[in-house]
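Presented below are the structures under discussion, each in the form of structure tokens.
In the two assemblies presented below, chain A is common to both, partnered first by chain B and then by chain C.
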Partner chain A sequence: MSRYFPPLLLVILVLLPLFVKDPYLLNALITGGIFTIGAISLNLLLGFTGQLSLGHIAFFGIGAYASALTSLGFDVGLFGGVRVVHEAWPPLVGFVVAVVLAGACGFIVGRLSFRVRGAYFVIVTIAFAEVVRLVALNWIELTQGPLALTSIPQMRLGLPFGGETVLRTKAQNFYLMLAVATLCYLVVARLVSGRFGRAMRGLKENEPLAMSVGIDVTRTLTITATISAAMAGAAGSLYAHYFRIIDPDVFLFTYTVTMIIMVVSGGKGTLAGPLIGGVIFSILPVTLRPYMAPEAQWIVYGAVLILILFLTPKGLAPYVDEWFARRRANRLPAPSIDARAEART
Partner chain B sequence: MSAAPILTVNHVEMRFGGLRAIADLHFDVAEGEILSLIGPNGAGKTTAFNIITGYLKPTSGEVCFRGTNLAGLSPNRVSRLGLARTFQRTSVFANDTVFDNVMLALHGAAHGAGVLDALFNLPRERRGEARRRERTAEILDQLGLTSRAYAPAGSLSYGEQRLVGVALALATDPTMLLLDEPVSGMNASETHNFVRLIRAIRDAGTTILLVEHDMPMVMAVSDRIVCLNHGQLIANAPPAEIRTNPAVIEAYLGKSAATTRIEEELAHA
Partner chain C sequence: MDQFLQHGVNTLVLGGAYALLGIGLTLIFGIMNVVNFTHGALYTFGAYLMYLACAALGLNFFLSLPVAILGGLMLGAVIEVLLLRPLRKADIDTTMLVMIGAGIILQSSTLWIFGGVAKAIPSPFPDAPVQLGPVSLSWMRLFVFFAAGALIATAYALINLTRLGRAMRSTFQDPDTAALMGVNVKFIYTATFALGSSLAAAAGALLGPVYVVVPQMGDLASVKAFAIVILGGLGNVAGATIGGFILAFAEEFGAGYISSGYRDAMGFIIIIAVLLMKPTGLFARAERIG
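This part shows the complex of A and B:
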């Protein structure tokens, strides 16, 4: 049943800017959407291969910085008096650089940590995120450190018949976010459905058995980490060009937790899961704002999360599916006595 | 059996710290043979299996399969060479259907499709999927699992799960199959059918190495038996000779045990 949710959500979101003109609300949806892309990418790893990336925000932040610096240009001195000067390139190139660079980082982290299984990947990702944050904080010549990178250009897209448009309005940025999110969703949906998806499921369920049928576990995990990180990088790039200012706080652990909450509450390992979680935790701040201070809101998030996990331990999407499956089973005619007796033996 | 050896275990030793699980194990498996590895619990049979299939690296010695030294190869590489195995306990992907289990095991039969093919659902991926579905149906039919194809593998009986385990191994299209206690948890008629299945697999050209505690079954199906005790090879002979081998009887029943009991048991086999 939850498979109807993504297309339904897409239709609603496509129509939404026609009715919703409130910039505050659109802003909240764009922000929530960007982190939902992060959640989609995290779900690919956490949900489908069972590997927890506790530093997922590092790939997001790398994407943000890569995209910002590519489109701003920089002039940095390296060791030995070598200077690297980069002229500003269009934001769209920045987006591509963000995806490639974040993906490359995912590949390296995966290669380093997936040779041994267990908690190593979790630890390496935490350490990686912290290292990247410190670099962003201290390499002031490149990143401005705590002063933040400012005046990041808005995303510009080429038009089909020449010329280009700058995404100035909230609605335009909303549609850009929606397009990227849809693309990421489709990539995940394709990947998990075929041969590669079965390999991921197999190594998650029973690794020795997966190896015995010829699945290269390390390679499968590394490819997944690369794709996942690349998507997080794409989300980071959107973030940079939308807010037009980034500082080392984009690497805060809280953001990783936000993505994990979206994935876990919606249902990890399901396609609809991160979308459901994303919608809930994007709308929640907006609905609560008139009634309580941001500090109090955090308590409510916590309570909502606990409530969801208490009632539906596997997350909302699997719960909804099971509920509909039960209802369908109840509507079928009851099995005959013979069949029931047979089932009991 | 005069065929050339397909698998050579060459003076393999395995130590876990101070414990010597296997000492100087050496035997050959001839092509087309059904060879059984027997021995009391803790004799090192499963350890030997894990070494042969790349899950453990031997302390010394080497294993050669069809002329390839398996030293340093990961289990998935060993599997790709055509050496498949089943497991003692966890033998299926419990949450997936039987059909999906076999589809999963056909991973190696990629027909050249990679991640990009999967991503864009290119013809190569679609052809591969179609062929995998065909082959899955064939394998399930061969093992008599067709009626269970859409049941979650974890919901099957013990005996049926063993069959799924064999189906997974067969999906890799092996030239040699290692079965680790395949009939434990099966009743007599299931065991009987399984023996027929093993013979059919061998007759189709797959060499078989078997670890099993069910002596009657081992005696009935094996061409040759290798017996281990405390990591030492104590016998390597056809079933008829193993029955009367004093070292084997001693390993199973101890030195002072009346030989009548083992003879009785083996006579029934």
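This part shows the complex of A and C:
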């Protein structure tokens, strides 16, 4: 049933800016959407290969900084008096640089850290994110440190018949977010349905068995990490050009947690999962805001995460699918006990 | 040379508190196979209990310390019974995510109740530092060093000399056999988590008065504790003790001689380096605990 959700959501979202004009609500949806892209990319790694990366925000932040610095330009002294001076380039180039650089970082982290698994992998990824945050905080010449990079230019897109348009309005940025999110979704959907997807699921279920049938586990994981990081970098680039200010706080652990909550609540390892979780946790802050302080909201998120793990450990998407499967099984004339048991699993 | 000695003394003080954090986490990680993301929140909790008892209620400083430790013990027991006991059969990722949720709730509650402004715990000691030759050391830090040492010794005695400790060690080696021998494994899990939590709270209560108390102080403490556990090897209490001092050494001397901005990065660089070169930790997973 959940396979009808993504196209339905896309139709609703495409039409949404025609009816919703409230800038506050649109802003919340764009922010939520950007983190949903992060969740889609995290799901590729966490859901389909079973590797929990708690440093995912590092790639998001690297993308944000790379894109901002490419479009702002910088002048940095390196060791031995060598200076690197970079003139400002268009934001679209920044976006590409963000994707490539984040992907490259994902590749390196993957190559280095997939020697270890489970809890150790989780801790390496957190450590990586913290190191990157501290670099952003301390390399003041490049990143302005805690003073933040400001006046990041808005995204500019070339039109098909020449000329350029600057994305100034909320609605334009909303459609840009939607386009990137759709693209990421399609890439993930394509990737997990083919031979590569079978390799991913195989190594998640049983790694020694996957190796014994000739799947190069480390290579599969590294490629997945690279693609996942590149998508997170794209989300980071959107974030930088939309908010136009970034500081080292983009690397905060709570943002990784936001993405994880989206993936886990929607259903990790399902295509619809991060979208369902993304919609819930984009709307929830808006609904809770009049009643609660941000700290209190985070208490609610923590409680929701725990409740979901206790009630539907696989997440909402598989739960909904099972519910429909049960209903269909009940409607069939005199279903055998085996069929019903099968529907339940 | 004087500066070197000063850093050395600071290493000993900081290392004591880090060792407490690491021992607590290595017990929980080793015996229960739970990646405890509430460890940092319990560290913060200890510091805030200390602040509450000492600065807000006006209790004696030396009486506040046991209050904070007992508070950590009780909160740990509650977390274990409510959240971990029902998930005993769940995989490690699920318990890890549940612990992240619990950590968020604890940290946000602290922020909500106390606000984000840093709190100071008044020191009961004279302001003038102790002079030990070229090295000067505040009375507070000296107290932290000895209190941490005493607590580490207590933890060792508890694990190696008591009946409870023997049950914990046998559960670490083989929970099923331990259960067959009449060990109440459920209780051992609760006791382990509570003990680990009380050590984290103790570390917070000791370092709180040295620095200041803020709701975010636990974020780094969690990951530093992981660094110590990885350095020392899973479930290796002696390794965690040494690991605590190694991390403190790296931070103190790294900040002193390389760059103070990257002080907190030392732990993470150590984690990454150790896992890449010797993934079993410097001292390997303990075959026997203690």
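Here, the second predicted complex is superposed on the first by the 329 of 345 C-alpha atoms of A that agree within 3 Å, B and C clash if a C-alpha of one lies under 4 Å from a C-alpha of the other, contacts with A are read in each partner's own complex, and residues count from 1 in each chain.
As a convention for this text, contacts are C-beta pairs under 8 Å (C-beta built on N, C-alpha and C of every residue); 3 or more make two chains touch, one makes a residue touch a chain.
Only a predicted model underlies this, so the values are computations on that prediction, with no experimental measurement involved.
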Residue contacts with chain A in the superposition, chain B compared against chain C: C
Contacts of A:211 with chain B and chain C, given as first, second, both or neither: first
Chain B versus chain C as contact partner of A:301, first or second or both or neither: second
First, second, both or neither for A:187, with chain B first and chain C second: first
Partner chain in contact with A:196 - chain B first, chain C second, else both or neither: first
Which superposed partner A:124 touches (first chain B, second chain C, both, neither): second
Which superposed partner A:266 touches (first chain B, second chain C, both, neither): neither
Touching both chain C and chain B, counted on chain A across the two superposed complexes: none
Sites on chain C touched by chain A in the complex: 29, 35, 83, 86-87, 90, 92-94, 96-98, 100-105, 107-109, 111-112, 219-220, 223, 226-227, 230, 259, 261-262, 264-265, 267-269, 271-272, 275-276, 279
List of chain A residues in touch with chain B within their complex: 187, 190-191, 194-199, 201-202, 205-206, 208-217, 223
Interfacial residue positions of chain B with respect to chain A in the complex: 53, 55, 74-76, 79-80, 84-87, 90-96, 100, 103-105, 107-108, 110, 113, 115, 118-121, 125, 128-129, 132, 168-169, 171-172
Chain A residues within the chain C interface of the complex: 50, 52, 112-113, 115-116, 118-120, 122-124, 126-128, 130-131, 134-135, 137-138, 253-254, 257, 260, 264, 293, 295-296, 298-299, 301-303, 305-306, 309-310, 313
